[in-house]
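Here come two complexes built around subunit A, the first alongside subunit B, the second alongside subunit C.
And now, the complex of A and B:
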């Protein structure tokens, strides 16, 4: 019997020829990412009372979530992290100006096919866009891996999502994922690895693959993969920090379930408050009044996302009753969109442009007042997440967001992208 | 960790997420007691106090879904909860509970068998939850994982490990 990608990565990082779903292994992650939560891992390290770290080259620290510091307390946490990074000489470190940890680490070639990566962030599943096993852990677990190099992992069963057909106009990876989460539910792939495959995936950009693997977390997935291929190689050319192999699942790998999606049959989708799996076709919610539109987050604030939104907003105006906040995912994306003119287009249309980072998705600015409604390109619409407990969050693609920002209500992007 | 816990139940539904358990704006500390002052606050200002009147949290499917924030588990420890019983757990919450020394039990029939305020008893050695409507069994955690929970979480576990063995040997190759 062959192995899935999750099995292969856990076998190679635990020094075993094969592993089976359900088996518990001691794995040695290739990389441990911690963001702002690093200060908590440092405090826990002080509690343990040991200062010798297992392997500095397997540590990555990126200061996102609250950037730049909003309060003296934040600034103190940042100071603690900087001092720790300097004292230990941790080589992979990015400060508050760089953007969202996930995107920065992928853009800078630290994430490679076949790696096992832990992160203090649930959306670490996004690393599967480059064929890596990414999964979220808490801050004490990071302390533990800093010290021991090792983590216990249960080998997950895998679910294969086969995507055929082509996206109709104004339908994107986000719409597909919201539809899939609606179908399988927020608990649909709990503890499982999700592998995306099929004709559509083979030609899909890394940006859209990131959206797939990021949103897979909202199915409860432990990790998600788009198997590495020529598209991956092209993205990594000039970025990869070291040589890598294109790890692929075996043809006879065991899958607990297979789900087939015909992309051609999809329409723009919106997730309604307060669960991501409360997904509905745009036609069911269009006309809903919005106060804020947030184009940001590790799900959909990549260069392609900003371009799609700018394409719709070009020569048009954001509705006077809507605040459009644009938070590019990273400094690289910011620069790219600056050069292409997308940022200028967005600002001319009336958008407010912030520094790269997590922004309003993580509650870092852009808070919602009582009864306010936000349409967001992020990955979560949980009760109270962006502010008041009586506020509401809807989730959509960047295209639906741009159309809605113009209309002042949730609007069908097909009117603009027919 | 106590081999048996007994107490009054506070009841929740399915898909209780980490933003509801503790909002990101309160992640300014890692002290469980301080965090507990804001547990479930989004559901109402009375919730942090209400939580303290109960001993065992019982929920439905996918408890703790969402963020990997460890404080979603540690704030429950700070509120004095002795265990969480759910029909299923999100995997990040599951790990965080073990790492913060919060006993967790995956036992689907319990959610439908208790009312809020009723008493249940969990026997970890036998793997049973006794409710007013009957006793249900649950599979134990793997021994290597139980070891972490038994000493009260990952920090005490690491302290012991380094005190007795020093740093573990580096990986071959």
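And now, the complex of A and C:
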């Protein structure tokens, strides 16, 4: 029997010709990403008194949470990490001004099809946008892999999501994912590998594929993939740090489940407080008053996302009772949006443009007071995630966010993107 | 009236930032009970400290401020991302020659550079007198005249001269006096550069700083407000407590070293001191002229890998203009990180915390121990040029080598 992408990557990285779902393997990850949590691993290394790392070339450190430092503790952790990186000569390191770790590592060509990547961030599933097996781990796991190079893993079963049709106007990858999460629920794919396929996926941009694989985490997925293809190759041209193969699933690979989605039938979606799977069509929540709109996060602060929002906000003003915070996902995105004029448009509309990074999604600003409502393009809306326990977070696409920022209430973007 | 007289003056503009409004608003409602604000249209509120609150506490403060403004019908609230409180007030036309401007921010005297009488007063005074009655009481200060003569040497800016004066004259030199700046240096400077002198008069303990407004100031103000104003001139027989002359030609770039603003040295005396953070921002550092100066030094160069360079424009308009001029692109290419228009790392309310042993050089106004996090961190204050040069070198550096 053939293998799914998850099986292939785990077979490859554990030195086996084949592996089966449910099997436990000792895999050697190609890359271990850690952000601010790196300081905890560094302290653990000090505790165990070992300082020789398995393979420096498999380590990536990116400071994206708490950038810049707002407390002396943060500043001290950043400094500890910088000294560690320097002392060991870790080659893949990006400091606080570069952006969100996931996006930076993909933009700079460190993420390639077929790689196994661990990250100290639950949305590490995003690396599947380039055909890599990405998954989140805790910092103790990172410490262990830094030292031994190895991690044990149970080979996940796979779920195939076949997407047909085309997106109607004002409907985007985010809407599809919120609808899917609403349908399958937050534990619909627990410890599964989610493979996206179908006509729509074949032509989908890497930016939208990132949104797919990022949000797959909210289905409980272990990892997610859009199988690498010509679109992937085009994205990686000039970026890839080394040669790679376009790993594809076998035609007879085993899937535990197949789900079919007709994109043509979708409408803009909004996830309502306090669970991502509490997803509703825009028509059910439009008119809800918002105080803040946050365009940011690894889910939807990519260049295409800023362009979509700028397209709607061009020549319009943010509603006076709404604070629009725009946090580009990375420096590359910031510069690209600057050259295209999108940043100018957003600022003229009244947005507060922040430095690239995780921003309000990771608590670096944009905190909410009692009873305040935030519409966000991020990937989580849990109770109290952005401040007061009586505040509320709704999640949407950048288009819905822009329309709502103008109206001051959750609004249907189709009015602006007919 | 004469120096020493106590007067009650009509206040034209009251400036609040988010922290001062929060405290003043509470006092006004809880202790000055039953009063209404006499002139809501004279109150300018700018959220520049908690510009994007990272904590729930910060969010609550801003929320309380928004509700206070709504309850009292205060029409001029500039929310997060608009800018630094002083430059937002200037940008939106609230400062005019001859105006009386108060605020509880100690650097309120900056507006004296536009021909206003401007000074910082306590939150309680504002709550008890200015808000309900539209007035403030003052003892008329005696005035000292400082004549600044000559031209600035290469790599030297108004910041360096203003800082030099603080170091030379001392932190308590002008206790409750007004300083009037004059001399042939001033007409050679653009209006925003002149503002550095009254801004930093507070570092000599002055009550206010003042520059007699000229046509350049009038033109600057007219670009920002349609309201009429009079260019108040000094009487020919005005009496000064003393007149002192300084030749500025010999002034070098200056650095205020820890632990106080008066501990000022020429850059050559502190060059080589390692730094981890550099910031261009705040009332004296995020103006368009500063961003241009910064870009001039950074163009085609890279910030030292051990340094985080943070850039904080003073207003959204300045950021937009800098975008248009390609300055933001130059700064990004050099490795700078650009933040929303605000007070930036001032007091590390929202950013800019330092841990023990770290050092920052910035264009901000204060370097007291513990101002930005750990009391064992060190803060150096300097001109935009010096901050830029230091960011490139990773150490405090003389900017003149980059300004051939």
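We adopt the following convention: the second predicted complex is superposed on the first by the 418 of 418 C-alpha atoms of A that agree within 3 Å, B and C clash if a C-alpha of one lies under 4 Å from a C-alpha of the other, contacts with A are read in each partner's own complex, and residues count from 1 in each chain.
Just so we're on the same page, a residue touches a chain if its C-beta (ideal position, glycine included) is under 8 Å from a C-beta of that chain, and two chains touch if they have at least 3 such contacts.
None of these values were measured; they are calculated from a predicted model.
Enquirer: Touch test for A:48: subunit B only (first), subunit C only (second), both, or neither?
Expert: In the superposition, A:48 contacts subunit B only.
Enquirer: Taking the superposition as given, does A:73 touch the first partner, subunit B, the second, subunit C, both, or neither?
Expert: both
Enquirer: Please work out whether A:164 is in contact with subunit B alone, subunit C alone, both, or neither, and reply first, second, both or neither.
Expert: neither
Enquirer: Scan A:366 for contacts with subunit B and subunit C and give back first, second, both or neither.
Expert: A:366 sits against subunit C, while subunit B stays out of touch.
Enquirer: Applying the touch criterion given at the start, work out whether A:120 contacts subunit B, subunit C, both or neither, answering first, second, both or neither.
Expert: first
Enquirer: After lining up the shared chain so the two structures overlap, which partner does A:197 touch, if you call subunit B first and subunit C second: first, second, both or neither?
Expert: In the superposed model, A:197 contacts neither subunit B nor subunit C.
Enquirer: Return first, second, both or neither, reflecting whether A:355 touches subunit B, subunit C, both chains, or no partner chain.
Expert: A:355: touches subunit C, not subunit B.
Enquirer: In the superposed arrangement, which partner chain does A:325 touch: subunit B (first), subunit C (second), both, or neither?
Expert: So A:325 only meets subunit C here.
Enquirer: Could you give the residue numbers on subunit A that contact subunit B in one complex and subunit C in the other?
Expert: Common interface on subunit A, subunit B vs subunit C: 73, 363.
Enquirer: Can you list the subunit C residues touching subunit A in their complex?
Expert: Per the stated touch rule, the residues are 51-56, 58-60, 62-64, 79-81, 276, 306, 308, 310, 316, 319-320, 323-324, 328-329, 332, 335-340, 348, 350-356, 358, 373-374, 377.
Enquirer: Can you name the residues of subunit A that touch subunit C in the complex?
Expert: Interface residues on the subunit A side: 68-76, 79, 82, 95-97, 323, 325, 331, 334-335, 338-339, 343-344, 347-348, 351-356, 359-360, 363-370, 372, 387-388.
Enquirer: So in the complex, which bits of subunit B are touching subunit A?
Expert: On the subunit B side, the touching residues are 14-15, 17, 19-20, 23-25, 28, 30, 42-43, 61-62, 65-70, 73, 88, 90-92, 95-96, 99-100, 142, 144-145, 153-155, 158-159, 161-162, 167-168, 170-173.
Enquirer: Would you mind writing out the residues of subunit A in touch with subunit B in their complex?
Expert: For subunit A paired with subunit B, touching residues are 15, 24, 28, 37, 40, 43-44, 47-50, 52, 54, 73, 119-122, 124, 135-141, 143-144, 147-150, 152, 186-187, 190-191, 220, 222, 275, 362-363, 380, 382-385, 389.
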